[in-house]
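Heads up, the thing below is written out as structure tokens.
For clarity, chains are labelled A, B and C in written order, and residue numbers in each chain start from 1.
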Amino acid sequence: MFGILASIVDGLLIGSVYGMAAMGLTLIWGVMNVVNLTHGAMIVAGMFALFLISGQLGISPYTAVPPVAVAGFGAGVLIYWLSVHRMIGRPPLMSLLSTFSVNMVLIGLGTALWGTALFNIEVSLPGISFGDYTFPGTHLMAAALTGLIAVLLFLFLQKTRSGKAIRAVAGNREAAELVGIPTTRVLALAFGLGVALACVSGALIATMFPFTVLSGNAYQLKSFVVTILGGLGNPAGAFLGGIALGLIEGLATPFMPVSWTSIIEFVVFVLVLIAFPRGLFNFTFRRS
Amino acid sequence: MSALLEIDNLSLRFGGVRAVQGLSFTVNEREILGLIGPNGAGKSTVFNLIDGIYPPDEGRVIFAGRDITGEKPYRVVRHGIARTHQIVQPLVGMSVLENCMVGACFGFQNQSLRRGRETAREVLSLVGLADRADSPASQLTIAGKKRLELARALCASPMLLLLDEVLAGLNPSEVERMIEMIRGIRERGVAILMIEHLMQAIMSLSDRIVVLNTGQKLAEGLPAEVAHNKSVIEAYLGDPNMVAKLGADRNGADQPGAAP
Amino acid sequence: MAPLNFIRQPFFWVIVAVTAAFVALPLWHYDVGWRESLVLAAVYIILASNLNLMIGYAGYVNFGSIVFFGLGGYVGVFLITDYGWPPALAALAAGAVVSVLALVLGLGILRLHGFYFALATIGVNQAVQAFVSNFKPWGGASGIYISISAYQALGGPRQALWTIYFLLVGVMALSLLLSYGIKSSKFGLGLLAIGQNESAASVLGVPTPLYKALAYSVSAFLPAVAGCLYFFKSAFVQPVDAFDLGFSTEAVVMVMLGGQGTVAGPAIGAFLYEELRGWLLTSATFSNFQLVIAGVILLIIVTFAPGGLMGLLRRLWPKTRKILE
């Protein structure tokens, strides 16, 4: 019994990281109506970036997180200019395919460089024990950091000029332009931010679990599931959704082999969407 | 004249907003019924309710004696209703002819590809687009796209035609032309329910008028009656020319500034 | 009446000519190498042409179309090894089973739009792959192996491989004729309308849920048949190959490269891509970069030429519109 409780709490900790990843995805989606199919590749990029930076510079992984965030932001802006900028206003199929193509390139390069080898980052951090059960220090640290980042993001969006500009463009792009907001720069900013969140969540996952170049897929899937269930363009909903997903996984993992969790998540997701085509939290609202 | 379309106590809510409330009216065979009202009165919503795009919260839609409330759009068409949209929706990747063929082949008549092509050609020459039949629909002007929208609906040979602001955005000569076409359609035995903001046009075309305001029926009757109705005038208050527009002669004579 | 009209169109003869080339070339050279590379080209053309029904006609991107190919392979091979069915019959049965399943599935997932649908198709593939990997009667993760005896009925392995090749070329021809036939039919008109503007199509009377599900189901049939033939020829079928998502991703690239919505486009895209891929695999420097190159191609096409090669061709030489559909 206590084991299940411990599993649930652990799930909540890990779920916060899912939530942060999903926030990045939903931010981009909400602001520019683009589905970022490079999301999974950027999560992996965050994993490898942390590995390389902390390995090469010999610093603690947690100190390496800010540089990963900055690098992620830069990469995001680059990806925006390369594959998203021209797709704004075009049919959604186009941005879907363009970000998908960048994803193919990134994963292709990754497998060419690193194959499908398993990587691991050694982090020695004492955990907290309750009787027989220990909550790994890495999980606790990751949850603490994501909580912090979520608060920072909230403050950024609500209080700063750039944040408000992002919210303005998300609400009504044409109106924002009329008011003089440089929409293209704001879109690039939002995209960079979304990718940075993905990279940081990848970095934190790397401190907790071993990873390969192909790990991104499972986490990308979780991000999509969380984003859609939590409500498009709703970062708070995404964060809570991530925690909820972690909770569900915590409940399920004692009872089933890990390889099945992805499939189950997926099937549940498809079934929910078929029943509520506009997402779980949208079904009370009909748009005219 | 018997009732072709009956709207009975129709209501629809969007979130907290009552878009349409307790609305009832009928459209008779071979009649042109005008639906007017200030912006946001719920007129297009009524069309969407008839068409089955939104199922109503309450009320019924009865067409030719059959209850079609909430039926899917592609089924509603099969009963004999066709509509145009306020914001034109041409199938841009297809030619003008192909657009009309969709209307003919999947509309009320449910024609084969070959018959549909013939019907499409006939209707296109009726609306004056025959020379553009093979052009991509995207290349038409706004007036052309409006005519295509109308042609496409006509290809279905409906019993009832729903026109949503077909005259918006057209210059005066295009408006004239469209009005003639609408009269011609009625001559052919098609009933018409039309939403319009161009007051002179709709007052002169309609046999009867229904006025909507904030989702409810404000007034109903002959154009001349409605034009004199105090609450209608009040609803449109803010437009000093409205009284004059509402008072325009039923025969379509332009009398701006004339006293009602 | 309709078939006769068909024969008068120049494009019909283009299809006949291409099929004839596929039949004649390996025979003339009597070379297994030719046959092997053309077999792969034929399979790609089959996958791309049928995928085009969803992407190019109905406007729904199916990222997981490989599931039809793989499942068809499993059903067919299973019927051959465990029940002794002749390959051609097993292939037809596989096609029938998979397309019925697709119809049922399609009625459900086609209620999702755009990206949600694309995501769901990936999920379907992953779910089927996971299921098959754990399904003991089908060999689980190791798959099914076909013994030599299965080929005796066709006159021995060497003869069988040639027969299978011609059957696959036949399926390829059918795929092209199917695309062309649908495009010229009322069903096709409705599908294209859905692809242009689904809500407008619905208001015009196109029965959208049924048509989409039918398109999905029809797009499953020939790939399933081809899957059975292909895996029979390979002598084994395994989950990791049968449901390789990378393969259906490449199919999407092929459709976009050649020109979605046209009949010739996906075939041209498939052929070119297969040649490119073959060249990449033999080149020492690039063998790992297959996916990278595919991604770059897709990005360039989507950014600069969304109509693909056919789109470019038709813009530069409008005359080709008449001949190449």
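One rule holds in what follows: a contact is a pair of C-beta atoms (placed from the backbone, for glycine too) under 8 Å apart; a residue touches a chain by one contact, two chains touch by 3 or more.
Everything numeric in this text was worked out from a predicted model, so none of it was measured.
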Problem - Most distant chain from subunit B, judged by the mean position of its C-alpha atoms - result: A
Fill in the blank from the handout: Busiest interface, judged by C-beta pairs in contact, is A-C
Exercise for the section: Can you figure out the chain closest to the middle, judged by Cα centres? Expected result: C
Problem - Approximate Å spacing (C-alpha centroids) for the pair subunit B, subunit C - result: 45
Handout entry: subunit A and subunit C: spacing of chain centres that average the CA atoms, whole Å
Key = 34
Fill in the blank from the handout: Per the C-alpha centroid definition, the whole-Å distance linking subunit A and subunit B comes out as 48
Completion exercise
Within their complex, subunit C touches subunit B through residues 184-186, 189-190, 192-193, 195-197, 199-208, 261
Practice task
Flag every residue of subunit A that touches subunit C in the complex, lowest number first.
Solution key: 35, 82-83, 86-87, 92-94, 96-98, 100-109, 111-112, 224, 228, 259-260, 262-263, 266-267, 269-270, 273-274, 277
Handout entry: Contact footprint of subunit A on subunit C as seen in their complex
Key = 59, 61, 108-109, 111-116, 118-120, 123-124, 126-127, 130, 249, 252, 256, 288-299, 302-303, 306
Exercise for the section: Report the residues of subunit B in contact with subunit C in the complex, numbered from low to high. Expected result: 51, 53, 72-74, 77-78, 83, 85, 89, 91-94, 98, 101-103, 105-108, 110, 112-113, 116, 152, 156
